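All chains are identified by letter, namely A, B, C, D and E, in their written order; residue positions are counted from 1 within each chain.
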Amino acid sequence: MRTGLLAAVVVLGFVLAIAGVHAPGEPGSLAWAGIALTAGLAAWLVKRLGDLPGQGWQALAAPLAFGATILALWEVLVVGFEVPMALMPAPSAIAARMASGAHLLWQDFVQTFLKAVLAGYAIGCGSGFLMALLADRVPFLRRGLLPIGNLVAALPVVGIAPIMVMWFGFDWPSKAAVVVAMTFFPMLVNTVAGLAAAGALERDLMRSYAAGHGQTLLLLRLPAALPFIFTALKVNAPLALIGAIVAEFFGSPTTGMGFRITTEAARLALDMVWAEIVVAAVVGSAFYGAMALIERRVTFWHPSVRG
Amino acid sequence: MRWTCLPRGSRFSKCRSAPRDSGRSPTVAEPAIAARNLSLVFRTNDGPVHALSDVNIDIAPGEFISLIGPSGCGKTTLLRVIADLEKPTGGEIRVNGVTPEAARLARDYGYVFQAPALFPWRTIEGNVMLPLQIMGLSKAERQERARQQLALVNLAGFERKFPWQLSGGMQQRASIARALAFEPKLLLMDEPFGALDEIVRDHLNEQLLKLWATTRKTVVFVTHSIPEAVFLSTRIVVMSPRPGRITDIVDCDLGPDRPLEIRETPEFLRIAQRVREGLRAGHSYEG
Amino acid sequence: MRASILPVLTVSAGIVVLWYLGAVWLNWQVVWDMQARAGHAPDFATMVSLTLSHARPLLPAPHQVVVETWNSLTGPPITSPRSLVNHAMVTLSAALAGFGLGSLAGVLLAVAIIHVRALERSLMPWIIASQAVPVLALAPIVIVALGALGMTGLMPKAIISAYLCFFPVAIGMVKGLAAPDALSRDLLRTYSATPAQVFWTLRVPTSLPYLFAGLKVAVAAAVVGAIVAELPTGAQAGLGARLLAGSYFGQTLQIWSALTVAAVVSATLVGVVGLAERLLARRMGARA
Amino acid sequence: QERVNLQLKWVTQAQFAGYYVAQARGFYRAANLDVRIAPGGPDIAPPQVIAGNRADVIVEWMPAALASRERGVPLVNIAQPFKRSGMMLTCRAETGIRTPADLRGKTLGVWFSGNEYPFLAWMSRLGYPTNGTPQGVRVLRQGFNVDPLLQRQADCVSTMTYNEYWQVIDGGFRPEQLQVFRYEEQGVATLEDGLYVLENRLTDAAFVARMARFVRASMQGWDWARQNPDAAAQIVLDNDASGAQTIAHQRRMMGEIARLLDTEGGGRLVQADYDRTVQTLLSSGGDSPVISRAPTNAWTHAVVDAIR
Amino acid sequence: MRWTCLPRGSRFSKCRSAPRDSGRSPTVAEPAIAARNLSLVFRTNDGPVHALSDVNIDIAPGEFISLIGPSGCGKTTLLRVIADLEKPTGGEIRVNGVTPEAARLARDYGYVFQAPALFPWRTIEGNVMLPLQIMGLSKAERQERARQQLALVNLAGFERKFPWQLSGGMQQRASIARALAFEPKLLLMDEPFGALDEIVRDHLNEQLLKLWATTRKTVVFVTHSIPEAVFLSTRIVVMSPRPGRITDIVDCDLGPDRPLEIRETPEFLRIAQRVREGLRAGHSYEG
């Protein structure tokens, strides 16, 4: 109840502030004091919302309130101090641009995420995983392949992106290849660590059944490794997106989020740049969220999930 | 393999100690387990630990052997060596005429560990079905056998629970069901009934005895309960610690039919007393 | 350690053979075109040797990379801008600073998240969102903004590098710090241990495998971050500058030698983290 | 000595020899200036740097400068050392391209990031859509180099007379195996490498005077560089912190750069060139035109006039 | 608090059953533990589990209470509720006059879990010192106490080993040493001696009794051994499962001095028999 009242005050405060800065004339020091007070109240609100029990909408309330506060402050500060668009556009300008450039944003999303990121992520995580299994299966390879895997997989994007463009052309496959290179290593390292996580007694049990390597893997060691594997899947989700976007910097067709960001940035159309960034952030978070959700369902037994 | 013990009452004393260094059972053709001068030393950061030293024993097929001895004397280690979970550092061991490794690969062992070792991501039923799945049984048969075994250990109704939702004793019973479900030739049980109350324990003792009597599996059984050892075994191996070694092997010819009431008979008590003395002798707490 | 030399050599040998085959195959077309334009029609052996010595190959032959790397490492004096050692040191220092900052930030963040539920809920989604923001696109803005705050030189690069590497540490650490089993937590609960005590005696030891997996990823990411951050600073020095200049002038060999050094730097750092992990594990009584 | 921070558009190379020469030969010092030269790179937008107050004056191409102006960074051209454009489209002759009409249906590498407008203007003049339809051309965003041409991923790529063209030659092509289209000759040239400052600072007479000395010393540097190309190339090389440049390439570049310069004019912008640039940009069309209306006050002669 | 039981031989029967629903000890001023209509229901994926139902008991300070009952009847759960590790879903519980949480925060509890719960990254000594470290004792004192307690459970010489280098029983003893080292007001022990052989068990029983007699701690002790319960306790609480509830509370007035031989006395055997009957009554295996 008190929280509701607080929320209402904060919303009213920000509405007034935004209207104030958009109105002609310089905001006075009194106005700034009001804005500072509203921001303080907003922080308190976020804290209260974060302490709410429950799993449903309550879990979303805090981050949303936090985000809305940041956006409101951003709008007020950028408009209030008349920061040029070339340095930092206001959220309202970004929103307007997102609406007017929706078809371009969609086209770029298809090119970068649906094609390059998804393909690269699947192949990269898959191959890191398989490499870990292979190294685990053949001790000889473990000792030989892992150091070299480290070597190859720790290559910087900036270096491989131009080479991938040379090898795989300008379209999305070269971006996917970069994503593969970026996501491979986290998956390799985490899977190797995870495969070592099964308990000694449980291994002995499988041994006493003369379970084959594959059976032990499938029935014991992979389930025990899942928390690690999901850590990699989660880390890789935003990483893959960054990789694809950065790779487009080194040659691309004339669509794609990275293409748009760099060309528009050079023209100082920062509203469009931020529109793409918003899309990237939303897509990256959703991708991560999806992985986290699957993790909760699959590793329900792990203490970190059971609580 | 025939039952080698004499029928009840045919001899005056049914309890006889075998000479220490040849733990040979009277009429053994090919022993199920044969250990010769077995020893095992663990290397640790602060010096070696002599977990087994010069262990000699022959176990005939179909025997029910109990290992008894003070905590830390090497009972678990001996079981682990038999099951090929630990390599001896000296001596020799054969299981069914082959190495422990070959026996393990032939899936001869059913091992009940001292701790339950259930997989948290599997339901109780899933845990009991684990070895059956590994042996490649059909799903229907797996479920049928798991159901039976869970009923045997009185866990019917808990099939769909996860291990952390069970009490300690229930987890241990689930782990017993898991080892029984898969009907191994050789049953290795490490204090399987330690966490159970007297009544369940008696019940499971009877069940185990029945199972053993009908299937004639070879059983190696670790327990701390002298009455339990006497009630179940054909022979009782008494061990003593540091270095872990066999101090006595007590024959226990109570015959195959053992109602619970046998525990009040003088023969029973005499054997128990003998084991108790052996145990006390090898113990550092005496006096 | 010695046991791994033979396998490494064997696998390396296999890779080198594949690499040579790949070089011949990938460079064939370009070399053939070039020869054709010059009016030559070389035989197979000549073609093979040409594909392995082409100056602008799609894939340089291993020996070309080795020679180029060796020359640029040992040829010019270490202080000269032509020396790869010099560039590697520039990148390494930024990467190490970034790794230090980033992993510290990651750990602190994880600690905060584990202890303050409100933080996890309000901050975590935004941190994830921030990770999906393409650094390279924002790097110029970041550099300009930090420059306005008076930060130049190593710091901006270290910050971008830290930004890339704190995430794997934070995610792994959040998992690891939450990984202690219920029984151990109950034990400390009966002692009414303070959160700090639970943290140091239970959560930290349990989280170490997760932490080290995260650190290994992070240290590699730190190198990538440092390299990426070198571009908007004018790409003057560092392996990133070399990569870019090589790319700009079509000096494929230069790219590959810079890449090789970058990979060796990363792998060495990953190796050092791995070594630290093993030493620590041994102290904590891990089974051999 | 007064400080001047100069932000270049690209990495250290002979394209900027005049500034490096002026510094190395002491022309700036003689003009009582302490000039700090910051090299650029593919993701440095000089207008952003100057808007963030990290530079006093920048080297920029006019399309990008005018675009910034429309987006709230009021850049003003104070001097234009480069008179001609060095940009061109270089095609492999074996593709059969001889005239602009042959470009239809071909794959072309184009620099974006504000450098695409002359190209777009040209295409719209030719009536070719650039969205990949068969009636038009297929456009690739070209990376930093000419590899797409060498590896036959593109039929034509963008090159500068002084730089990328020679990389194509080094890549094994003889000039007669190439077909080049200079933007100058196609009538869509835009002004390149000019000096720009923020408009509001020009109200400060002291700043104008400082810039005047700066421009004069820079033009002195260009003059010297044109007359001593080999020495200028060496000076550039000495300033290359990446250690990636070669002397041969820089000498050749210096030679070509010299042809684009206008040192007699002392860096004075010719209004006709400016008008042509604006015209070209306004005709480049598309959904997101670089400038939507003719800019005002985007250049001034105040600084070059103050030199005298 | 004085010892409330009558001296030996002063009454005909020293074993008396308390009425089921008021488990009040005769002369209690402020009970150490008071439970009223305590109940606890676990929600699980396949329906609720009634782990505790309507539990009423008063435990006086200085009492030694044993909980006995079939596997899964809620003994551990009751202990966990007392220790504030589980919140009851109904009823009320007070410990030393305050809530379990307050008692926990006052560091009143020493809990020996059913499983050893040793930290694998700490040596045995480090594990025993853990609570002392948390209580903020000096390093020297920590080491001294750990040494003492480890000697008490006969683990001297194993200070520097890691838990996995110990046998099951040794681990359990280490965990007992850990709980004793920190000298809590209230000792909660969940089958502490389950994995120990008779002789060590007897030894530790005596030690525990001595400790209890000198310090007059309140002890709540879960065991499956009826003789152990009778030997140690002032009262024995018999529980039965599904829903977990108290079926009987057996007084056990054997007085404070209890030599091991007391176990052969008729009074002892009578109490044991009574407990056994209570146990059997609440059991589903009867017949």
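By definition in this document, a contact is a pair of C-beta atoms (placed from the backbone, for glycine too) under 8 Å apart; a residue touches a chain by one contact, two chains touch by 3 or more.
Please read all numbers here as calculations on a predicted model, not as lab measurements.
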Both-way neighbours, i.e. chains that touch chain E and touch chain A: B, C
Chain at maximum distance from chain B, centres defined as averaged CA atoms: D
Which of C-D and A-C has more C-beta contact pairs: A-C
Intercentroid distance (Cα basis), chain E paired with chain C, Å: 55
CA centroid of chain D to CA centroid of chain E, Å: 86
Between chain C and chain B, distance of the C-alpha-averaged centres to the nearest whole Å: 54
Computed distance of Cα centres, chain D from chain B, in Å: 87
Touching two or more other chains - residues of chain A: 87, 162, 166, 200, 249-250, 262, 265, 302, 306
Numbers and ranges of chain D residues touching at least 2 other chains: 42-43, 45, 48, 52, 143-145, 147, 151
Touching two or more other chains - residues of chain E: 115, 164
Interchain contacts, given as pairs of chains that touch: A-B, A-C, A-D, B-E, C-D, C-E
In the complex with chain A, residue positions of chain C that touch it: 3-4, 7-12, 15, 26, 58-59, 116-126, 128-138, 140-141, 144, 167-168, 171-172, 175, 178-182, 185, 209-210, 212-214, 216-217, 220, 223-224, 227-228, 231, 239-240, 243-244, 247, 252, 255, 258-259, 262-264, 266-267, 270-271, 287
Interface residues, chain B side, partner chain A - complex: 80, 83-85, 104-107, 109-111, 113, 115, 117, 119-121, 130-131, 133-135, 162, 164, 182
Residue numbers on chain A that touch chain D, as the complex places them: 84-87, 162, 165-166, 169-170, 248-254, 259, 262-263, 265-270
Residues on chain A engaged by chain B in the complex (per definition of touch): 199, 201-202, 204-211, 215, 219-220, 223, 299-302, 306
Complex contact set, residues of chain D against chain A: 42-43, 45, 47-48, 51-52, 64, 67-68, 71-73, 112-114, 116, 130, 132, 139-145, 147-148, 151, 153, 288, 290
